[in-house]
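What follows are several structures.
Next come two complexes, and both contain chain A; in the first it sits with chain B, in the second with chain C.
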Partner chain A sequence: MKRITLIILTCLFASMAAMAQNGLNINRLFDGRYKKAAGATEIIVTGSQAREYGLTVYHSVTVTDKTQAEIIENLVVKDGSQAVDKEVEYRNGQLYYGFYTMPRQKRTNRYIFFLNQNLARKSPKNVVTLIYMEGEASAAKIKKLIRK
Partner chain B sequence: MKELHHISSQAVLETLIERYFNGDTTLEEECELRWALSHCPWESETIDDARVVMGYFAAHRHYKRHQAANPLRRRMMGIAASIAVILTIGGYVLWHQSQPADQCIAYVNGVTINDDEEVMALIENDLSNMDNAAQGMASQLSSLGEALETEND
Partner chain C sequence: MKKISLFIITAIVAVTTMLGQSADTVTVIESPNQVIITETSTGTRVNVVGKKDKEDYSYTYTVQHSSNDTVHTTSDWELNFPFKKSSNKEYHWSIVCSGLYFGAGLATSYDLVNNSFNWGLLNLASLNYNTLHGQQFSIGVGYDNKRFSLKRPNCFVMDEATNIVGIESYPEGTVDRSSVISVRTIQFPLQFQQFIGKKFHITLGGTMNWNVYAKCNTHYKVNKTHHDVSYRGIKQNKLTFDVYGALSYNRFGVYCRYSPCSVFKKGFGPEIKNTWTLGGIISL
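On to the complex of A and B.
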């Protein structure tokens, strides 16, 4: 009896640990490092405000620091290789725009947006934006959302 | 002494009960009936009435409970109950953990913004920039399509 209980508890805690992280490389960017950083913007929206858009999580980071921009791009490209669907545009060998649909997790859709405005043709700006969205919204709904 | 306990079916038992209530049974048959009522697994209105009248109802229930109280069965039921409790608690904990708390906050150059409208305005700006980039890509594809069509013509 004790052995069975132990096995069940082990399985339970292992599955809890696995579910507690969503396994994306960009997660490490959301550790709070940009909250106090100059030239950076971090936005976190969860709960009722996010639900209005069919989302459970909206998390974005915008940076002007070139070193940080490179770090973000590398992590996005890594995650992008696991995407089930993607729209990407490279300019001069660098990722300019990316919209990635990541594999569903816990019946939740996950999306990553990336934009390097430094590579924009019209009025380039030294700004890199990363957006992570999570929720039941479909890719089509997300695209509608950005066209609002 | 005559061999007892040869009641082979529920129908035989019920006939015997009927005969008992009509006062047609012998002493031997009554002994046999008492034994059958306290040991047989059959249940019906007639049989239950006879058990009540002959005082064997409690004895029969005790017999059935004794049958159900198989130690292995009880142990398995205990394990199943434990698993059900653990899974219920675990499921609730996982569900609760997966529900993010209400948050609408932005950090701009180290400054915290809690105003929902300001935060939503920042989001709209981000999304608008994304849209411009996406539109740029769409228009490129459209130009490419047009160029291919012209070449084919």
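On to the complex of A and C.
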């Protein structure tokens, strides 16, 4: 019985580790829930339009529902803990922005960007943005792309 | 066995606890030969190579950045969306003003007519139905102006008693001659548009024309004296029909218009009909 318990525990730890490596927590936000939600905008770009910027996938979600901000932030922070490189800024104890370089998968760079414009100093807006990008583009190029 | 199981579980719990909460670490290395501190994106690494009594000594300590590492900036992140969702949401129904056109043509039925000139606004207002699959139907109201000029040396004259317009030669010795009939029309176009791609479209349509006003102007100069003769009360055909087609790219296109109906009511003037007009059209 104890042996079985040990095996179960070992399997549990192994599967948790595997999940943490392969899947992203933010994936659950891209299940289409924002496609028809009021005040939300979801954009998915693949193909030639994305390739222009060295990307294969561009997936963004913009929400104006404050309750969603916390949900998105929590998932982003969870994924951020797996990042190989990150640039984050907290304001008033909340994540203002985060740019995460995730571990490469199938020789593809992966980036997560989060911005809570409620926390902007100049002109705060009730808008939270999450962008997931995949492709050959470097982090510097991506930052240039998404920053005015 | 019991002891081994207990030990493994305890070890797992201990490792998990260590991962969740880092304890203070104190390591004292006396007289190190070399200390290398490397700041990486994932954390800070301290590498000690060699010490006083042991040349091959090596010690490495790494501090991972935590998720609370922050970058403090004074400015806000001005986000740029490289791919914006189109704000031009398409609707089935719309009311628009469109189709300013200018054209020149010829009345093929009447040899004496030199040319015709045509301009107007196809739709001052139109009600459009877009299938959102590349087709659009519209019905509207617009304005049209047609002018017909005669080949020299002929000019229009009107018998004011009967309002019948006829054609005569200009008096002898006249210069600077022109004789035109102009017709002002309120038109009701019904048209179909097929879009090919985003910018190219073909238009086919017909108009019902309510010819509300017509006048005849004859102008000439004899012995340095200008003569301007205007005839009003011309008996134009009040209701006529045209058909047209256009090829447009973006806002600019060319059109061809055919007017099979006579300008004058039967018996009130020369039979000017079957007019073809070619011209340019600008979508507003």
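Criterion: the second predicted complex is superposed on the first by the 124 of 148 C-alpha atoms of A that agree within 3 Å, B and C clash if a C-alpha of one lies under 4 Å from a C-alpha of the other, contacts with A are read in each partner's own complex, and residues count from 1 in each chain.
Quick note on the criterion: a residue touches a chain if its C-beta (ideal position, glycine included) is under 8 Å from a C-beta of that chain, and two chains touch if they have at least 3 such contacts.
Only a predicted model underlies this, so the values are computations on that prediction, with no experimental measurement involved.
Participant: For A:L115, using the defined touch cut-off, is the partner it touches chain B, chain C, both, or neither? Pick first, second, both or neither.
Facilitator: A:L115 sits against chain B and chain C alike.
Participant: Touching A:A40, do we find chain B (first), chain C (second), both, or neither?
Facilitator: A:A40: touches chain B, not chain C.
Participant: First (chain B), second (chain C), both or neither: which does A:T129 touch?
Facilitator: In the superposition, A:T129 contacts both chain B and chain C.
Participant: Identify the partner contact of A:V84: answer first if only chain B is touched, second if only chain C is, both if each is, neither if none is.
Facilitator: It touches chain C, and chain B stays clear.
Participant: State whether A:A140 touches chain B only (first), chain C only (second), both chains, or neither.
Facilitator: In the superposition, A:A140 touches no partner, neither chain B nor chain C.
Participant: Between chain C and chain B, which one touches more residues of chain A when both complexes sit on the common chain A?
Facilitator: Between chain B and chain C, B touches the greater number of residues in chain A.
Participant: Go through chain A and flag every residue that touches chain B in one model and chain C in the other.
Facilitator: On chain A, the overlap between the chain B and chain C contacts is residues 5, 9, 41, 43, 45, 49-50, 58, 60, 87, 89, 96-97, 115, 117, 120-121, 129, 145-148.
Participant: Within their complex, state which residues of chain A touch chain C.
Facilitator: Chain A reaches chain C through residues 2-3, 5-6, 9, 13, 41, 43, 45, 49-50, 53, 58, 60, 77, 80-81, 84-90, 96-97, 101, 115, 117, 120-123, 129, 145-148.
Participant: In their shared complex, at which residues does chain A touch chain B?
Facilitator: So the residues of chain A touching chain B come out as 1, 4-5, 8-9, 12, 15-16, 19-20, 34-50, 56-58, 60, 62, 87, 89, 96-97, 99, 106, 113, 115, 117, 120-121, 129, 131, 143, 145-148.
Participant: Of all residues in chain B, which touch chain A in the complex?
Facilitator: Contacts found on chain B: 75, 78-79, 82-83, 86-87, 90, 93-94, 97-98, 100-110, 112, 116, 119-120, 122-124, 126-131, 133-134, 136-137, 140.
Participant: Can you tell me which positions in chain C touch chain A when the two form their complex?
Facilitator: Touch residues, chain C against chain A: 1-2, 5, 8-9, 12, 41-42, 65, 67-85.
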